[in-house]
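Please find the structures below.
The two complexes that follow have chain A in common; it is paired with chain B in the first and with chain C in the second.
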Partner chain A sequence: MSDSTDIAVARMRLRAPVIAVVVTLVMIALGIALGGKVIAHQVVSGLLLGSIYMTVAVAFTLTIGVLNFLNFTIPTLFMLTGMAAWGLLSGGYLTLAGRGAWLVALAVGVVAAVAASLLVERFTFRYLKMKHGDATEHAIPLVSSLGFLIIFENLVLIAMGSDSQRFAVPFRADLHVAGIVVGVPQLVSCAMAVAVVAALSFVLKRTKIGRALRTIAENPDTASLLGVDVGRVVPVVFILTGLLSGVAGALFTVNYGDVSPFMGDNVGTKAIAAMVLGGVGSIWGAIAGGLVVGLAETLSIQFFGGDSVAMTVWGLVLVIIVLRPKGLFGVAAIGKGKM
Partner chain B sequence: MLLEVANLDVRYGRNHAVKGLNLSVAADELVTVLGSNGAGKTSLLRAIQGLTPCASGTIRFAGEDITRLSPPERLRRNLVLVPEGRQIVIGLTVHENLQMGAYCRADAAVQQDVDAIYDRFPNLAARRKMPASVLSGGEQQMLAIGRALLARPKLMMLDEPSLGLSPLLVERLFELIAGLRNEGLAILLVEQNTHMALEVASRGLVMELGGVVLEGAADLLRDDERLAAAYLGGH
Partner chain C sequence: MSGYLAGVLAIFCINLIFAYGIFVTAAAGQINLGGAGFQAIGAYAAGWLAGQAGLPIAASIMTAALITALVGLLISFPALRTRGVYMVLATFAFGEVVAGFLLHTDVFGGAMGMVVPLHVDLWVLVLAATFVTLLMFFLMATRLGLAMRAINDDEDASVVMGVNVRAVQVAAFTIGGALTGLSGALYALNFGFVEAQYFNALLSIYVLLYVLIGGTQTAWGPLAGTVFFTMLPELFRVGGSARYLIFGIVIVLMMALRPEGIVTRALISRLSPRRLFATGGARGN
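Take a look at the complex of A and B:
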């Protein structure tokens, strides 16, 4: 009996990453075979865009998985990184850093996102937990995070204006692979997104804090019983959320060069779509979902024009959740305990 | 006394779950708390571990007042609860569950102690890399006890460990509990299985509606007809 169970478990572990890689390769191959270089190029840029969605989707899925909380401040954290970096750079605060100023600006932006995330934890989650016991049982964190989203966006709007601003990266190089042009910043971004998500996955799987987080995800009461100081571990989730959203914001800023107070909204909704598509609470689901949504977006622009993107993405989400309510890699209905 | 509970009150809103309860457990003693559903037994254990706040009263453990300490702080003083329903973390592997048992420890002997648990429970060793969800009820109970042992308890509290186990497994479970008692571990055992519990315990308490209605040496309680009355809920 134990042999067959072992194999079944091993299969389950292998399945998700293998499917993700195979689907990706098949998409690229199909793109090249059917549509030639134009489509292949769209597939590549879809995957690169998808890597940004993926990072944000992982941030969403982490807070839902561990805290049962749809954190609406994630788009704000994403935006804060870009706007803080642009503000520092255009304000001339970083002249000492010379040519590396844009890098310093983005790093400070990521730190700002982490700090803002901790602020949100302090005033939504922790405060509510003190007042009402287990805050995860309430919709209040969700509503208050929506409040934080709107307040942060409008504060930035008042301070920096509503115009879309140009974030110039003095750095441009292209690679030509089999006739397809790939931007080096895009490639670096994709690699960074994958590295950040892989690091998170490692932390969750292999470290003491990761085991504690997965235990809280399943049952905060059990975690407390085993000696996990839940109140101290929860901020770690918010730090990771800030880090993931901040890195995604920095990558977006470098690749697309535009920042605005509402830059997070579009990416945030796409990331939620990606998370639902992949299966709520599943890291691999968020990765697959992010890539699928990125691909759907660029291919939709190619075939149906720029206005069709939202229809394609959300249509796809609806089809998937009708056919497979748990999402591509989800293991259970929406709720706690699926890290 | 290792554990001394004095005038403990536990309330959930309007529900007065434990009323002015007194209880003590010596360092080498197995005390059992009996009573029907809703008598307040689980609330009592949860309050001792700190998972449920106590409204009034004091809890002293190893000579120290722990009434205001958090559950992790109590755990670090080697007061350990094996909860009702076992609360195995099914998303973690068997091995990871055991590692969680030693979450509060930072000493170098953890690995050695984990190996000792595998020696004690070969079934767990065979399934160490599997998710805990594949374990049978009996194996889950072994895992829950093994996990608790890794916190190096001075006092282990067990909340209805026999619940949902077959008669054969219940017998094995009580052999294990008696074995732990013989190794010198202090145990506070909450049970519905009155007969088995009084077999391994030296003293027993019977709870009803949050208070102690009967208390005494285990072999005397066994023959007390008031014990049966408490379970039937009548007088």
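Take a look at the complex of A and C:
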């Protein structure tokens, strides 16, 4: 078990979610008690941003945990969802769908992200593994995914231009809870992000495919010997990656109302920061890290101004890497192998 | 020489030195995705020393390279605690912190950038790039270079064979820091202006790709990679997004067809004159 990863063991102890919920509530309460409504509002929007980072961070952590592969296409999958949805809407392809057109557009966007992710799987993993044995031995998949990052981003640039575009969502409602304004889309988004991640945890822990994924995470060769069809299970990781990034992209689009070919860059790097903070390979780590980064971002804008975000977040990451390389919740074995 | 060609050549020289800085660590099996951070430190140090502190050009370039060598040395200790994916992430984080710091520091002009009043001519860049290239070929032929190759091929085996892995890796990071800093200093003094936004994550990614696509086995690799990616697009006059699209496709294809890079040891031994003129040898392979 020395090689075991968090995904492999999938110790989804009851403790972790309880701690997460309690910490969140305590932070909101502290925010309201100490800083009044302004801070409380920042905490709420930090948690929303955090839930998007969290979803993307889970996508990152899943590919590293199972395949030991840092998938740099995730930010572009995120962006593809938003841009594809905007392209469909503005092109007038969805007039039949009527008022629900934006929802259909986002759904198609998510499907596009999954399809793109499968394309990446074809060229980074399956093909290379066939040709060169164990692809994880080399930096090959990493470099290939950087290539795909460049390809997708520039394809979108050529097709749709570099401008930031408005994605109008026809509903807007606010709830007033204890004097704080909370947007309904924000709440729905948080709930959806949590639901997607919870569903993933369930799949990993309880289903047959989840068990296969955990086996591969522990040792691909042994998994293959024990009858896991590695070639058929690996695409599942990429489907899940596309799904998670796509859903996060759709939620981002709905909440912030803007799409651009570069919308994934910032979210992607922040999600990487979140994953490292929480511990690479740990789903609960990615969740905690996502929320921490989201909060750190809105609060450091509040206290130190807009330029300070990168310093705060990455400084935190660098300190964590130096002092506790496995992250807050991580398991030491992950990412140790030769690239 | 036209101004356009001079500009292309200047960027090529700077990128080549930069690529060798990343190559040194990659040749010893360490992937540095924080190159832009090192280059930014070199650029800002040289710019500040030559501008505000009033040092002569040569002294400010040397000092800048020394500073980044020191940064490389210092960063190697925490960085070498990490491996594989974690090292990529740690160096990436380093680059982001440096860029964020420079963007936020008013002494260096913050988001406005910094004007560098002194100027170095193109011939200095060409001379420096030539010198660095020759130095790297020499380095790869020394015992240190051999040790780096050994670590890259099999770390455990090199420990068994008596290679001081830790010392070699620290040395690689220090040399790499000096070279990336040198490229940054030359950038600042040739272009006369530095801004933190230039030294972004994408720059780190691109220069790492030059090195990995060129090949990390021999000193020919970064040369091949940099020529391939900075000179060819200029020659064919492909501009804008299409250029990067082709760049991306080439990367994916290269990884599929020639994952060890353009130039490998096998290729060099096949092309070497001894092999070609050896009796019967050329036919044999």
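The rule is simple: the second predicted complex is superposed on the first by the 318 of 339 C-alpha atoms of A that agree within 3 Å, B and C clash if a C-alpha of one lies under 4 Å from a C-alpha of the other, contacts with A are read in each partner's own complex, and residues count from 1 in each chain.
Quick note on the criterion: contacts are C-beta pairs under 8 Å (C-beta built on N, C-alpha and C of every residue); 3 or more make two chains touch, one makes a residue touch a chain.
Treat the numbers as computed from the prediction; the structure is a model and nothing was measured.
Student: In the overlaid three-chain picture, which partner chain does A:325 touch, first (chain B) or second (chain C), both, or neither?
Tutor: second
Student: A:208 in the overlay: touching chain B, chain C, both, or neither? Say first, second, both or neither.
Tutor: Once the two structures are laid over each other on A, A:208 reaches chain B alone.
Student: More residues of chain A in touch with chain C or with chain B?
Tutor: Of chain B and chain C, the partner in contact with more residues of chain A is C.
Student: Could you tell me if A:270 is touching chain B, chain C, both of them or neither one (first, second, both, neither)?
Tutor: neither
Student: So, A:41: does it touch chain B (first), chain C (second), both, or neither?
Tutor: In the superposition, A:41 touches no partner, neither chain B nor chain C.
Student: Tell me the contact category for A:221 with respect to chain B and chain C: first, second, both or neither.
Tutor: first
Student: Give one of first, second, both or neither to describe whether A:229 is in contact with chain B, with chain C, with both, or with none.
Tutor: In the superposed model, A:229 contacts chain B only, not chain C.
Student: Between chain B and chain C, which residues of chain A are contacted by each of them?
Tutor: In chain A, positions 337-339 sit in both the chain B and chain C interfaces.
Student: Sort out for me which residues of chain C touch chain A in the complex.
Tutor: The contact residues of chain C facing chain A are 29, 31, 78, 81-86, 88-90, 92-94, 96-97, 99-101, 103-104, 110-111, 155, 201, 205, 208-209, 212-213, 241-242, 244-245, 247-252, 255-256, 259.
Student: Name, in rising order, each residue of chain A that touches chain C in their complex.
Tutor: Those residues of chain A that touch chain C are 64, 68, 70, 72, 123-124, 127-128, 131-132, 138-140, 142-144, 146-151, 153-155, 157-158, 265, 269, 272-273, 276, 280, 307-311, 314-315, 317-318, 321-322, 325, 334-339.
Student: Given the complex with chain B, which residues does chain A contribute to the contact?
Tutor: Going by the criterion above, the answer is residues 2, 5-6, 9, 208, 211-212, 214-215, 217-219, 221-222, 224-229, 337-339.
Student: Would you mind writing out the residues of chain B in touch with chain A in their complex?
Tutor: Of all residues in chain B, those touching chain A are 49, 51, 70-72, 75-76, 81, 83, 87, 89-92, 96, 99-101, 103-104, 126-127, 129-131, 134, 147, 151.
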